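Same chain, two partners: chain A is paired with chain B first, then with chain C.
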Partner chain A sequence: MILKIKTSADVPSSEITPESAYYSRRDIMKAAAMGTAGLAAAATLGGIDTPLFAQAKNYAAPRNPKFVADPTVDPLNKLEEINSYNNFYEFGTGKGDPVQYANKLTTSPWTVEVDGACNKPGKYDIEKMIDFTQLEERVVRHRCVERWSMVIPWVGVPIKHVIDKCEPQAKAKYVEFHTLLRPSEMFGQKTGSLQWPYVEGLRMDEAMHPLAFMVVGLYGKVLPNQNGAPMRIHIPWKYGFKSGKSIVRIRFTETMPKTTWAVQNGNEYGFWANVNPEVDHPRWSQARERRLPGFATSRPTLLFNGYADQVQSLYAGMDKKVLFY
Partner chain B sequence: MHVPPRVQEQDLTGHVVYLHGFPSSPKSTKAQRFAVECAARGIAFSCPDFNQPLSETPTIARMIGQARAAIEAAGERPVMLVGSSLGGFVAVHAAAADTTGRVAELVLLAPAFDLGDDRVFEDVARYDAFALTLTLPIRIFQGTADDTVLPASVSSWAEGRPNVDITWLDDNHQLAASVETIVQAVF
Partner chain C sequence: MLKTGYEQLCKLLNAIATWRYFKPVVFVGCAVPAVLLSIKVIASAWIPSWIPLVDSTIGGLGVDPLKTLLHESGEDGLGVLLACLAITPIRRIFKVNGIQKVRRMVGVFAFFYAFVHVGIYLGLDQLCYSVATCEFRSIVNDVLKRKFIFMGMISFTIMAVLAITSTSGWVRRLKKKWQTLHRLVYVAAISGVIHFIWIQKSDISEPLMWAGWLTLFLVIRVYFAIQKRRVVPARIRP
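== the complex of A and B ==
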């Protein structure tokens, strides 16, 4: 009675999971309802028409085998777990709020402002920032500072690809990622729950690391709004709040960015925020984590969220007290 | 400016299915302690009685069937499957056979993985816990002074299974002195 592992490193998740059936069913229903054809017209995600930039893009990208979590240890979370439980305070502070309210967000057209210490400042269309012919799928762990975790099949490009287009100058030591500020579509920005816009940042060598990913898709489809459409970063070895969503500005700086949660509550959330089971949050232990959909902290937390081999050299010689805060 | 503080856990809803050992019952001390904890936390709890129906000879197949029925009856909530002693053996087989996709985690208390020479259940030879591949998070609590389930059998089962996390306790097979420790660690 052996339960065979269904996943394979070189098959996109969209072809091997029930979600592909879910999506194709949705697409067929939508096409039927519209009484017309056209791939772009029929392609929907959660009831929202596919934005222009995303039409005809092949999000069912090949998996990069270098960045695929072991399915015997970290089985994929279901799409409905990933897209209905997360923090995106722009749409409310509850973890069920983003899925409920993000459908108002307009993601097309989408422009990104590039500024600071770089040779290519300006405003660029998303298609100029992301090379959609180079998309790849990765299956990585995601660990929230609140102790819950998931395993997610993201589609995107290394952040390095995006940064290279900006030609940062040698004096650039950090890079900021700003989230969209649009209170008319993001009601949370009217509530003062945080300082807006949401700003996150990385040291340049962190941002250029192969694991640092610019995400535009999920489960082989365009990224759902509630997960940070149309482009968001994901830094697998850091707590989730480091991974800004719906990015509209990339800014290169010489000094450490003033990131939103560090400004908000510097005693609890620092700039580095690397996952570490031995450094507790002031109000709770980080030794264990809750893997969704479970409700108990049934898994031990891993140093650098299990990516220590790949990233710890970034921090050689740094004070541990600083590094994990 | 009022900022809602982050919290460590939200939506701690779920369903614990507790599989008791043998000879034991849903009235066992550990089962009752889990039931009390679940009630306090708003978590649903159920514990199939492997002694029922009395008219039938209990088999491993019947117990796995009872466990699976309890999992299905839990509805849409994620399930934590807890198995004590023989219940641990049933739990790993029920988890492997699960088709609901809702079993989120396993908690095993002195699990009897090795029933090789046991003659109590006529169909035991058909079930090999060591042959199972399970991908969900598994926590084991095992007494180092257990002379019913040998600690070595537990270590052996966990070998090569990186999703298994063993907590060793200075206790015997009943784990009576460790119940509070276990409950605090699990929830």
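== the complex of A and C ==
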């Protein structure tokens, strides 16, 4: 099989999706034309949750030209696709569940606990952890282990910015990201569908990589709850389950974190989980994927989800098999 | 009181089963999921904006159409198969011999949904909509390496054989063997449920519900079989 690895960091600026591309969506145009009075009405044309979205806090940020996708190859997914098809078991195991139930979640105030091998342990407000004046937008591919993928315009800051504030010690080898544990608002946590809270983790150098992103927004607005508000990580070269949502704790460790899916079923969901067409999931081949909302599993999977040129060096010399699961 | 209630229910069910339109109504009932699914397919391709019920941005099949198609056809197939297996227990418990006449038709419907299900897997997941794109190697790999697909395959193969031999001609040709062969329907249902269980990532409550129904029908079947065996020697006794 031929892997076409595009140098994703070096897309010429002529190929960058124009800033206006997604703002020209019919419903938003209409909303603008009709003025605020017509905003909610027009937004309902956009589908699920759009009225809420139209009123959401503005997080418009300049697009980082280093992290963009070629719109002819990787056109953006619509907001309605990104915010209505989610794996967020805290709100139910169905992919349509989070959009229905996540509105219960209170995301303000939001504090993050920092602990483990670092010099700045403590509890911090989200405003202390994320520099909202430094927000940038990136268009990246998102690849789920279940073989579907999307292209998403996230808004956020590199995870490195957040980690630097914690001043990790030299002995810190890994960093854990814990999702909120609040069964009163997350009914899925009352079931045993997974071990709660959801824990994900990265090796320090992975987390410090420029591609590793702390997301607070989507499509220039505050992140919808079902996508992991108010802050979630996104690791574009790994399968989606590595990208924990609604983060409340960042912990630095010397040993490899026991991540939720690896505990649940280590055979199928390992710690590394780097996207690789040649390493099958036990229940399906990863050679191809479905770019939603497409019908067919017809797209060749790219090594490291197409970011090999940027991240391959992180794994030099590591055993191939260990690496991908 | 309880007894008359039961007798009245038996009477009602018998009235339904002997009703002229019983079979056509069951036919339509079995076809409803196919019609609903077809509407979704059409709505995902062509959405008149004036229909408020269909989400105009996402379409009838949702964000992941293949997943929706596989999910619905799979559940319809298993659901109709279990409905088919419910017929004999209902007949025995409520003494409605009349409903037996729809059993073959319901079984063939179950195969129809399984056929659509497997067709979607082959056509859209393994790209067999054209010979050039078809992933033959990947299909062989899937069947041999993925135990959930292997189970589905067992279930589907049995259903295919039973659907083909469901005609009166085959009943005559196979004579006594026909019934033995068609007992395999239980193997098809069990492997279908296992197929469903093995697909789940963590939550298996839905397939377990199906497994519960299947167990109930099997237990009833076995109970009546044992009773029959007890009754027979009693009759032979001088």
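Just so it is clear, the second predicted complex is superposed on the first by the 267 of 325 C-alpha atoms of A that agree within 3 Å, B and C clash if a C-alpha of one lies under 4 Å from a C-alpha of the other, contacts with A are read in each partner's own complex, and residues count from 1 in each chain.
Rule of thumb we're sticking to: a contact is a pair of C-beta atoms (placed from the backbone, for glycine too) under 8 Å apart; a residue touches a chain by one contact, two chains touch by 3 or more.
If you're wondering where the values come from, they're calculated on a predicted model, not measured in any experiment.
When both complexes are overlaid on chain A, chain B and chain C end up clashing with each other.
Using the contact criterion defined above for the overlaid structures, shared-chain residue A:P300 touches chain B, although it does not reach chain C. With both structures placed on the common chain, the touch criterion links A:T72 to chain B but leaves chain C unconnected.
By the touch criterion stated above, A:R291 is placed in contact with chain B alone, chain C being left untouched. Touch criterion met: A:S84 reaches chain C, while chain B stays clear of it. In the superposition on chain A, A:P282 makes contact with chain C only, while chain B stays out of contact range. Only one of the stretches 41-49, 95-103, 149-157 or 167-175 in chain C has C-alpha atoms clashing with chain B after the fit on chain A, and that stretch is 41-49.
Applying the stated touch rule to the two superposed structures, the overlap between the chain B and chain C interfaces on chain A comprises residues 78, 85, 93, 95, 148, 193-194, 264-265, 283-284, 290, 292-298. Considering their complex, residues 55-59, 62-67, 124-127, 129, 133, 135, 138, 141-142, 145-146, 148, 198-199, 201-203 of chain C touch chain A.
Contact residues on chain A toward chain B in their complex (touch as defined above): 1-5, 70-73, 75, 78, 85, 93, 95, 145-148, 192-194, 264-265, 268, 281, 283-284, 290-300. The touching residues of chain B, counted against chain A in their complex, run 1-14, 43, 78, 80, 93, 96-97, 101-102, 104-105, 107, 127-128, 131-139, 162-163, 165, 186-187.
Taken in their complex, chain A has these residues touching chain C: 45-48, 78, 80-81, 84-85, 89, 93, 95-96, 148, 191, 193-194, 264-265, 280, 282-285, 287-288, 290, 292-298.
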